[in-house]
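Letters A, B, C and D name the chains as they come in the text, with residue numbers starting at 1 for each one.
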Amino acid sequence: MTPTLQEIVEDTNTPQGRVFAYFIQSLIVLSLIAFSIETLPNLSPAVRSGLTTFEYVSVAIFTVEYLLRTFIATSKTGYIFSFFGILDLLAILPFYVGLSVDLRSLRAFRLLRLFRIMKLVRYSAAMRRFHVALTIAKEELILFVCVTAILLFLAAVGIHHFESQAQPEQFGSIFHCLWWAVVTLTTVGYGDAYPITVGGRVFTFAILLVGLGVISVPAGLVASALAKARQLEDQERLESPVEKP
Amino acid sequence: MTPTLQEIVEDTNTPQGRVFAYFIQSLIVLSLIAFSIETLPNLSPAVRSGLTTFEYVSVAIFTVEYLLRTFIATSKTGYIFSFFGILDLLAILPFYVGLSVDLRSLRAFRLLRLFRIMKLVRYSAAMRRFHVALTIAKEELILFVCVTAILLFLAAVGIHHFESQAQPEQFGSIFHCLWWAVVTLTTVGYGDAYPITVGGRVFTFAILLVGLGVISVPAGLVASALAKARQLEDQERLESPVEKP
Amino acid sequence: MTPTLQEIVEDTNTPQGRVFAYFIQSLIVLSLIAFSIETLPNLSPAVRSGLTTFEYVSVAIFTVEYLLRTFIATSKTGYIFSFFGILDLLAILPFYVGLSVDLRSLRAFRLLRLFRIMKLVRYSAAMRRFHVALTIAKEELILFVCVTAILLFLAAVGIHHFESQAQPEQFGSIFHCLWWAVVTLTTVGYGDAYPITVGGRVFTFAILLVGLGVISVPAGLVASALAKARQLEDQERLESPVEKP
Amino acid sequence: MTPTLQEIVEDTNTPQGRVFAYFIQSLIVLSLIAFSIETLPNLSPAVRSGLTTFEYVSVAIFTVEYLLRTFIATSKTGYIFSFFGILDLLAILPFYVGLSVDLRSLRAFRLLRLFRIMKLVRYSAAMRRFHVALTIAKEELILFVCVTAILLFLAAVGIHHFESQAQPEQFGSIFHCLWWAVVTLTTVGYGDAYPITVGGRVFTFAILLVGLGVISVPAGLVASALAKARQLEDQERLESPVEKP
């Protein structure tokens, strides 16, 4: 029995559907690699034209896929304005618009289409758990983002007070200092700007002591929320099949 | 029915109260942005005078707001010496004092007024939970701050022993070494000072092995205390409405 | 009663077996140290020839040990193709092949043989717990690796958009930018490449805010999975000896 | 009623005992600060001689304290060979020995005497909990130290393979590479050594992906073990006063 067009494009349970899905996913990955290679300097004209041809072909296939999905969908507008529908359009639109304007960076949006792979490899359970975890920890996370923003601003103002005289190049304005605050409190520490005055160093120490406690908490929040989400899931599994007296 | 003055200024449940609160909050954010822009070098005189005018206007509004709040409060001294009362005063005082002295950095205290926004967006639940979590983990956190301080000092003394001969510029005194210890144990690692002797490097490795374990624990403590605070809250919610037999 | 050859080589419960095991383990550690010393420049010919002799002797012993283990094993092919069998072969093979080709780096594989020490010091309980923990957190960990990969690529494309014009040396291609993304999002921050444009810095801030949340979660996942593994173990211990009514 | 000498020196519950304890603790902190100031270059002779005098006085007091504690102790050898007894001796011994040899760095051992403050401020509950937590997580922590050591060595061998040709200065020997591995895997990233070859960068990415997962787990382990220790404590408190049926 040959599967219908709908079963091939939308259903990943039929063999043909899986082949179609893997083909599209591989094409996305390949087109992203091609996009990366294009940015290399000193490419030979042969390679460059090969990459352009590949881009033409892949956009053509993505366009056909997009039209197919629109054609098949039970609700056409429903698909077009759905999350995946917009992603699919964003993956090809920059090409058509970009024939006149340079919108190459937008091609990276194709990357987001990879999220569809989640459906394929059936990681929906883990994703649902993350969704539950984010819902549990939402309030705390927003609070932390606010506290982090306030802390970064305070750090910037403080270091500006101490270092703006000594290093006008690196700490000349609050905006320069904000960059320092981000690089320092995330512990990246590039080394392009660091305090040299005694006051600035003592202030850095104090703000780090507070800041590290604040900035690294969200990860712990997500992890413990995840543990709780898993626990809730286990409870549901226990409770749903058995009838409670 | 027109709301009373008190309802507008203090109550964020009435529509007028919300408008007032949002207006003040936006003005705080705008005045902080203006403050940041003022620190930029090479501003045109037009922009600079515009910013000064904006500062005059916003301080005027904050002053009126402060007087209003004092006037309305049931206990006047109660408000003036409350946490938010002092913050509100700190937000305008530097301006008046600073007409003679340069106290511009203190303007950053306005930032703290943003905490009032918490009341507005009703994140008091999450904040209360944090408060509970900090109470739970208080002893351990203080202990960790002590251990961290001891560790930093030990690291500084150790590296001073190994590197002071080889790099007198960077590791000349214990205080210089303390700066290195802070930058290293927080894993910021600017790269302005690093050991070059074999002894110093082995010592750095050893102190990092211990230090990372110590310094990153507080975040985990806060996260697990938060999880416990949430659990306690759930228990209370379960227990309070239902009567226990 | 003298132990059989099998008891010496494979059993670490007999005194002779323990001596044999410790001897082999020490030889592995010593041969790794010798390997490290060999890479030092400016070694005197005497030291160099001493190290070569030591290498000959240790490979000879490892070869005898390998033949012994093969000889003793109840299933010869079973041992040869087992995990430890392959490791044991990899520890000596580079020497014989490398007499013609330079395969010295492969000698590092001997390190993996150290895993056998786990058997010796009886940390199998802790290892089993890790195994259980990894099984529990497997789905989430794979999901995080995918999300991390996507995030790194997005970060690289974004920074390429902002910085490729300003710093063609450091951010010239997506591949250069990927290196920056890895160094930044892991918070290593060597300082060999960092954004200097305003757009690039704002983008770095945004991607760090998201990225730190994502990248540091796996550690929390493993830790909480470990806690759960320990809990499962405790339950089993409670349940297994006592009969439930 | 005047307290006995023993009550003053050993008991921190009497007012006199507390005064004595605080006095000694303050003297320790002051002598450490004096030690730090002594390392500053360009000190005036007056300051230098003042510091020396202070050092003489504080060592004299510590010596008297040490003799007192020995004299008072019910078991003299018991005190001398106890943990705190050895610390107390180490705090003064370097001075007497160092009159001939330079052992100034050893003065930092006085720092360890500060642990006695724990007794004073009654943080013994939190410390006991840490002790329980470390006992719970001991096996996993040792396992992690082993895995970390193996990982660092593997990272060093790998980067040596890729970078020793390109940067003989920074990656010339396995020992140089070990330093790089420590600085990178702890995410300190000073920027004194970083890979520049494509192979080295890809390898760094791979080892960071594994390494971050491994190196940051111990902190999570300690945090979750602490949570369990607190839970055990709560259980004991619940169980001990009430008789179980």
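Please note the rule applied: a contact is a pair of C-beta atoms (placed from the backbone, for glycine too) under 8 Å apart; a residue touches a chain by one contact, two chains touch by 3 or more.
These numbers come from a predicted model, not from an experiment.
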| item | value |
| --- | --- |
| Copies subunit B and subunit C touch via same or different residues, half shared test | same |
| Far-end chain from subunit B, centres as C-alpha averages | C |
| Superposition of subunit A upon subunit B: rotation angle, C-alpha, nearest 5 degrees | 90 |
| Same-interface partner of C-D, chosen from the options A-D, B-D or B-C, over half of the pairs matching | B-D |
| Rounded Å distance between subunit A and subunit C, as computed from the means of their C-alpha atoms | 29 |
| Separation of mean Cα positions, subunit D and subunit A [Å, integer] | 41 |
| Junction residues of subunit D, two or more chains touched | 175, 187-191, 216, 219-220, 223-224 |
| Residue ranges of subunit D in contact with subunit B within the complex | 32, 35-36, 39-41, 105, 108, 111, 114, 117, 123, 125-127, 129-130, 145, 148, 175, 179, 182-183, 186-192, 215-216, 218-220, 222-224, 226-227 |
| In the complex with subunit B, residue positions of subunit A that touch it | 139-140, 142-143, 146, 150, 153-154, 156-158, 160-161, 164, 168, 172-175, 178, 184, 187-191, 194, 198, 201, 204-205, 208-209, 212-213, 216-217, 219-221, 223-224, 227-228 |
| Residues of subunit C that touch subunit B when the two form their complex | 187-191, 220, 223 |
